[in-house]
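Note that chain A is present in both complexes that follow, paired respectively with chain B and with chain C.
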Partner chain A sequence: MAVHDDSNGQKKKSSDALDEIPTFNVENMQNNTRIINYSRTFMSIIGGVIAGILGYTALTGFIFYFVIMAITTVGLAAKTGFAVHSFFDSWNQIVFDGILGGLLSFVLFWTFAYDMVHIF
Partner chain B sequence: MAEDLVLDTAIRDWVLIPLSVVMVLIGVLRYFVSKLMRSDQVPDVKIVKEGQLITRARNLRAAANFIPAKSFRARKHYYSNEENGLLHVPKGQAQNPQAQMFSDPNMAMDMMKKNLSMIIPQTLTFAWVNFFFSGFVAAKIPFPLTQRFRAMLQNGIDLSTVDVSYVSSRSWYFLNLFGLRGLFSLILGEDNATDDTQRMMQMGGFGFDPTRSLGAEKDNLDIVQHDWALPKFEQRAESVLKKLVQQ
Partner chain C sequence: MGLGYAVGVVGFLILAHAAYSTIQYRSLLKITEEEFTGPPITVVVELIAGLFFCLWAALTVPGKFLSILPQSDENRVVALPSNLDFMIFNHRGKVFPMGIDMKQM
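Up next is the complex of A and B:
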């Protein structure tokens, strides 16, 4: 994933000092969410091109999309060092955010690459 | 799928690829044109002041538990007392945002520019696509669809026998129009001007009333339950530092 900017994009949770008081920086959190969206868009475009070139059709392609998204999720989680809660509110955010938004891009690039390689 | 159509490779070279490339380039062009046309109007001092004030009040609300009760009360009083609190809006002074909008021609002008920069390129591109590329079967989506999608995907060719997954050139234009948004957000940055849906939303929420948001912020501040989070932070800091020293 090339779109990570980790230098200032970390929501630091003061973990042990202030027990049970959620302290977070709103800007950093928005930045993190934005990074998720970027990664998802990027991966959906790349995944679309790959699916098209490999010639996946119908259900296979959509399954491929969700596999790609799962890989993205794992990648993002790895980027946080599997300490998701110090960067995001919940797992939901890292698992589900932006999946539907990327679908349209995926379909477009899938169609495009598929047509380039297989139809003509 | 009844039988496969054989599409001429010339269609790929002269319709599909040019159309897609042009869509991307027009998106980029639109971004820069709207950036050029964006006028840097000097914002009204009063509005900026109110915006900053709301931000300050919100910060106080967010960080309320990190200051002692006394400090919090003092700040709250500063913002929301009934005589001269900053967030307190005297009755009758609230102005009608609609009237304010009409009294400021710049605002309307700006809106119009934005709208034009959105509508004109789209109309032009659509006309261009219609003129050059009408009637081609340009692409085929790699998954089957039901008959309902025929109107959406085969706009411009009236053949009811063609399988629905074949896409006409005009419909490919529409697919590009919506599907490239993700790409634009990657190459142009998040707040690119091509995001039409977001602009619609902004237009909807145009009648924004600063005085009302002041009042809302005041109410929010009034109901904050203050609960000091750091009653023993000095001892805690001491123990942490001791631990550090011991290591």
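Up next is the complex of A and C:
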């Protein structure tokens, strides 16, 4: 009975005019999330290579990874022009998304680069 | 976007050159039998430069952020879909009391 969706090309989340649930353009939100994941994965790989070249071992390397992720977060926030709310749902997405997934890529390339430079 | 790719490739080449320099530095240390405490300062500068190039490429190559707010300029609905049977409109008529007797349907 109560209709919810606009059936236009950009599927919006439902909004009830009496309730003020904010609507978002879901397609663009997915696009933005995808961009964050690509950027973080690439920076994890680059961070791994740098950590291997510098010869970091154990804890220092993991701390270096979080430093790289912090730099990437600042870079992503700058890419939005610091107006985060017009591109994302909340700050959590831009700060925390993709960090644990990137950790595995980081360790892979870190051990790879370390082997290439210091052992082989 | 081609520029972003080029910057990324340049950053990667800088990192590869830094890796090669570090390998040569280590073989030099093996000859003089010293410990490896850290790469030489030129390599560290090279790594920082490579990091910045790759950071710039990582931020520009995947594409621009698109606004998710419905009231921003590029999100305006300017066309209606062509299958007229399934269009639904969210209008203020729903606050009117229903005049149709549902049992007859």
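Annotations
What we mean here is this: the second predicted complex is superposed on the first by the 98 of 120 C-alpha atoms of A that agree within 3 Å, B and C clash if a C-alpha of one lies under 4 Å from a C-alpha of the other, contacts with A are read in each partner's own complex, and residues count from 1 in each chain.
What we mean here is this: contacts are C-beta pairs under 8 Å (C-beta built on N, C-alpha and C of every residue); 3 or more make two chains touch, one makes a residue touch a chain.
Here the structure is a predicted model, which means the values were calculated and not measured.
By the document's definition of touching, of the two partners only chain C reaches A:V49; chain B does not. In the superposition on chain A, A:W110 makes contact with chain B only, not with chain C.
In the superposition on chain A, contact of A:G101 is made with chain B only, not with chain C. Once the two complexes are laid over each other on the shared chain, residue contacts for A:F82 go to neither chain B nor chain C. Measured by the number of chain A residues touched, the leading partner among chain B and chain C is C.
By the touch criterion defined above, A:I71 reaches chain C but does not reach chain B.
By the document's definition of touching, both partners, chain B and chain C, reach A:Y38. The contact surfaces that chain B and chain C form on chain A in the two complexes overlap at residues 3, 17, 34, 38, 42, 55, 116. Contact residues of chain C toward chain A in the complex are 11, 15, 18-19, 22-23, 26, 36, 38-39, 43-44, 47, 50-51, 54-55, 57-59, 61-63, 65-70, 72, 75, 77, 79-81, 86-90, 92, 94. Those residues of chain B that touch chain A in the shared complex are 7-9, 11-12, 16, 20, 62, 65, 139-144, 167, 175-176, 178-183, 185-186, 190, 229-230, 236, 240. Within the complex, the chain A residues that touch chain B are 3, 17-18, 21, 26, 34, 37-38, 41-42, 44-45, 52, 55-59, 61-62, 101-102, 104-105, 107-112, 114-116, 119-120.
The residues of chain A lying in touch with chain C in their complex are 2-10, 12, 15, 17, 23-25, 28-29, 31-32, 34-35, 38-39, 42-43, 46, 49-50, 53-55, 71-72, 75-76, 78-80, 86-89, 113, 116-118.
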